[in-house]
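What follows is a set of structures to go through.
Two complexes, one shared chain (chain A), two partners (chain B, chain C).
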Partner chain A sequence: MGPIVPLFNISNEINLLMAFIIGLGFGFVLEQAGFSSSRKLAGMFYGYDITVLKVFFTAAITGMLGLIFLNFMGLIDLDIVYINEYYVTSSIIGGVIMGAGFIIGGFCPGTSFTAAAIGKIDAMWFVFGSIVGIFIFGEVYPLLETMYMSNYEGSVKISTILGIRDGYFALLLIVVASLMFWIGEIAEKKFKREDIIDEI
Partner chain B sequence: MNTRIIFTIIVISLGSIAAILPKTKTSSTQLTADELLMEMKLQTYVVSTDELADLLISNDPAIMLIDVRDSVAYQQYHLPGAINIPLKDLLHPDWIPYVDQISKKNIFYSNGTTLSNEAWIVTKQLGFRNNYVLGGGLNEWFSSIISPERPASTDPNEIWALYETRKAASMYFSGSKPAAREDNSTILPPIPRKKKTRVQGGCS
Partner chain C sequence: MDPYIAGVLLGLVLLVSFYLTGRGLGASGATRSMVVSAVSAVAPGHAENTTFFHKYRSDESPMKSWLVLEIAGVIIGGFLSGAWAGRLKLKVEHSPKITPKKRIVMATIGGLFFGFGSQLGRGCTSGAALTGMATLSLAGFVTMMAIFGTAFALAYFFRKNWI
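Let's turn to the complex of A and B:
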């Protein structure tokens, strides 16, 4: 992770403190939005709750529009904004494993911690499992390294691959996301499940 | 109207604005004219000849002198340890690792300060760090260090102290010195710096 506040030369400790405070806020929001319930994440898979889809795409759209407008106003340098590096093979394999983990465990890494924080035992086991997984991955990494590093594409933007301007891609993504939200809500009605919170 | 419809309209219109915005490029490293003028006014990038003489005499390993004049002038005379990067070749890929690095203090010099200042402005605008200019250039080097002017006898002690230091430096740079050890060392090319540091990050 890089400095949270790269504008000034503030010490690493202050940076970590800022990260901690932001992290607390993030965790609090996740919990308040009901993400510590594994039904929210599983609902995405079964189609009866598309909150996760909405939240992730809303976050993406907000961030995307923010970056485009700030860049236009001369307030942010897009060249030094971190773009995740793209390793095709490991992205696909990792995506499948992560997706399976989502639906089996009912948490994403972030929500598992918020759920563990409010005392959910399955979430604590989930966190424990993540740590075991991290340990195993670290131990067998030399065996996986070739596969892990293969098909490296660098830091690429989808708009660059499509050969269109960032703004056009933003509009495209917004239209697609809006369509998904509307279709998702139809699906929510179709796959509706009874609220079982009271029974638990 | 349904809130969902309102939100959909708002977000799509924001997206449309994003799509029609002209393509702009914001660079965090490039200075505006005002900022550049301020840098020049403050003269923070200037290394005086006295400072340079001191650094050279103490064999400071952290400085790199860069002669931005052409190679003919460089062959005729150059400061000890200087490398030659003519101004027109400043951004040649071979030389980029020398001017875009973070380990040494580069000092540009030319006869006056015109070429060296140009080199500094170019590198500054590209966001390269650790580049400085020799104040007054070689002309100043000769008039202050190699043949310093003798102050009047009524001048204050500080001026005389400076004169004596300069005279000693002059002897160091131009006088007879014990035969130097045979120097087989070559100036090692610096390790190219990685592209502008991006903020590293990850997700959930």
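Let's turn to the complex of A and C:
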């Protein structure tokens, strides 16, 4: 029965060792997917390379199905698994600011770490920028606190809002993702940039 | 690596994380942990008096934070993958249409936005969007759509940096 750490009172040292090993896998896969290149990541938004879409949605669906199956087989207690809390205003505004950061900087925090790890100097500056951004947030937090805490909806699930079972939502997401992959692959042909693909 | 295979592998890493520890993946939280530790070390009084830093301040060293250890793994895992693929090289990757200097300025500004937004949005692409979506959390889907939607909407204005 999982999750192992909270259910079996595993020591903090072992938990941190797991964090490190999980991180090794996370970093290795991100780099293997080609996410250590900002020009590959940005390709998503100009259509010449939709690797981001493919990897991101395949990963989310794999994780989602895995959780649903583990729960179905009684192998994981989903009540203990952390479900992100929904603060409507800050989720949307935070996401919009992150989206601007993505198209300006070409990375997100996770991918900037792997890119910096293989020697991308621009990624090291992105990491530096995010340190500054977090510091500024900390400094101006009192001004934003009301907005940060507003419109709290709790750990609400999308399947609950839609009034359907988790499994049906997963099926729906698979259909939507397949459609996006199909359209995305057409875009990759239409907006092809051999010159960029050769360099990244 | 084929993107779909990479996606399945990433999903399995995420699943292992849920099964073992009850939590998914993250990235920006590790940076926050380092920022809070740095502020506490340099200006302990300020960290004590600043709500946000105080909230995330812990008496233990940042090296005992789950996300910091995970990100240490990410950096080493990324390095090993790059070494294996022969991609280790110190360079500024940029479009031939912009100078390396402009690329560095843009990367820094982008990082600043992402860092700031990740705190407001309670997590970045890893912790809020990917992990959130796998647990079917509405917050995960909303954050994901806000991130990708905004990047698409602004792509035209920043095209000279990329294409």
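Rule of thumb we're sticking to: the second predicted complex is superposed on the first by the 189 of 200 C-alpha atoms of A that agree within 3 Å, B and C clash if a C-alpha of one lies under 4 Å from a C-alpha of the other, contacts with A are read in each partner's own complex, and residues count from 1 in each chain.
Following the convention adopted for this analysis, contacts are C-beta pairs under 8 Å (C-beta built on N, C-alpha and C of every residue); 3 or more make two chains touch, one makes a residue touch a chain.
Owing to the predicted nature of the structure, the values given are computational and were not obtained by experimental measurement.
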item: Partner chain(s) touched by A:Ile186 [first = chain B, second = chain C, both, neither]; value: neither
item: Chain B versus chain C as contact partner of A:Pro109, first or second or both or neither; value: both
item: Which superposed partner A:Ser178 touches (first chain B, second chain C, both, neither); value: first
item: Partner chain in contact with A:Ile61 - chain B first, chain C second, else both or neither; value: both
item: First, second, both or neither for A:Tyr168, with chain B first and chain C second; value: first
item: Which of chain B and chain C A:Ser37 touches, first, second, both or neither; value: second
item: Partner chain in contact with A:Ser130 - chain B first, chain C second, else both or neither; value: second
item: Chain B versus chain C as contact partner of A:Asn71, first or second or both or neither; value: first
item: Residue contacts with chain A in the superposition, chain B compared against chain C; value: C
item: Touched partner set for A:Val81, first chain B, second chain C, both or neither; value: both
item: Overlap of the chain B and chain C footprints on chain A, listed as residue numbers; value: 2-3, 6, 61, 64, 75-76, 80-84, 108-110, 155, 166
item: Chain B-facing residues of chain A, complex; value: 1-3, 6, 61, 64-65, 68-69, 71-72, 74-84, 108-110, 155, 165-168, 170-171, 173-175, 178, 181-182, 185
item: Parts of chain C lying in touch with chain A, wherever the complex brings them together; value: 1, 3-4, 6-25, 27-28, 31-32, 34-36, 39, 50-53, 64, 66-67, 69-82, 85, 87-95, 103-104, 106-155, 158-159, 161-163
item: Touch list for chain B against partner chain A, complex; value: 4, 8, 11-12, 14-16, 18-29, 196-204
item: Residues of chain A touching chain C in the complex; value: 2-6, 12, 15-34, 36-39, 42-46, 48, 51, 54-64, 66-67, 70, 75-76, 80-88, 90-123, 125-139, 141-142, 144-145, 148, 153, 155-159, 161, 166, 169, 193, 196, 200
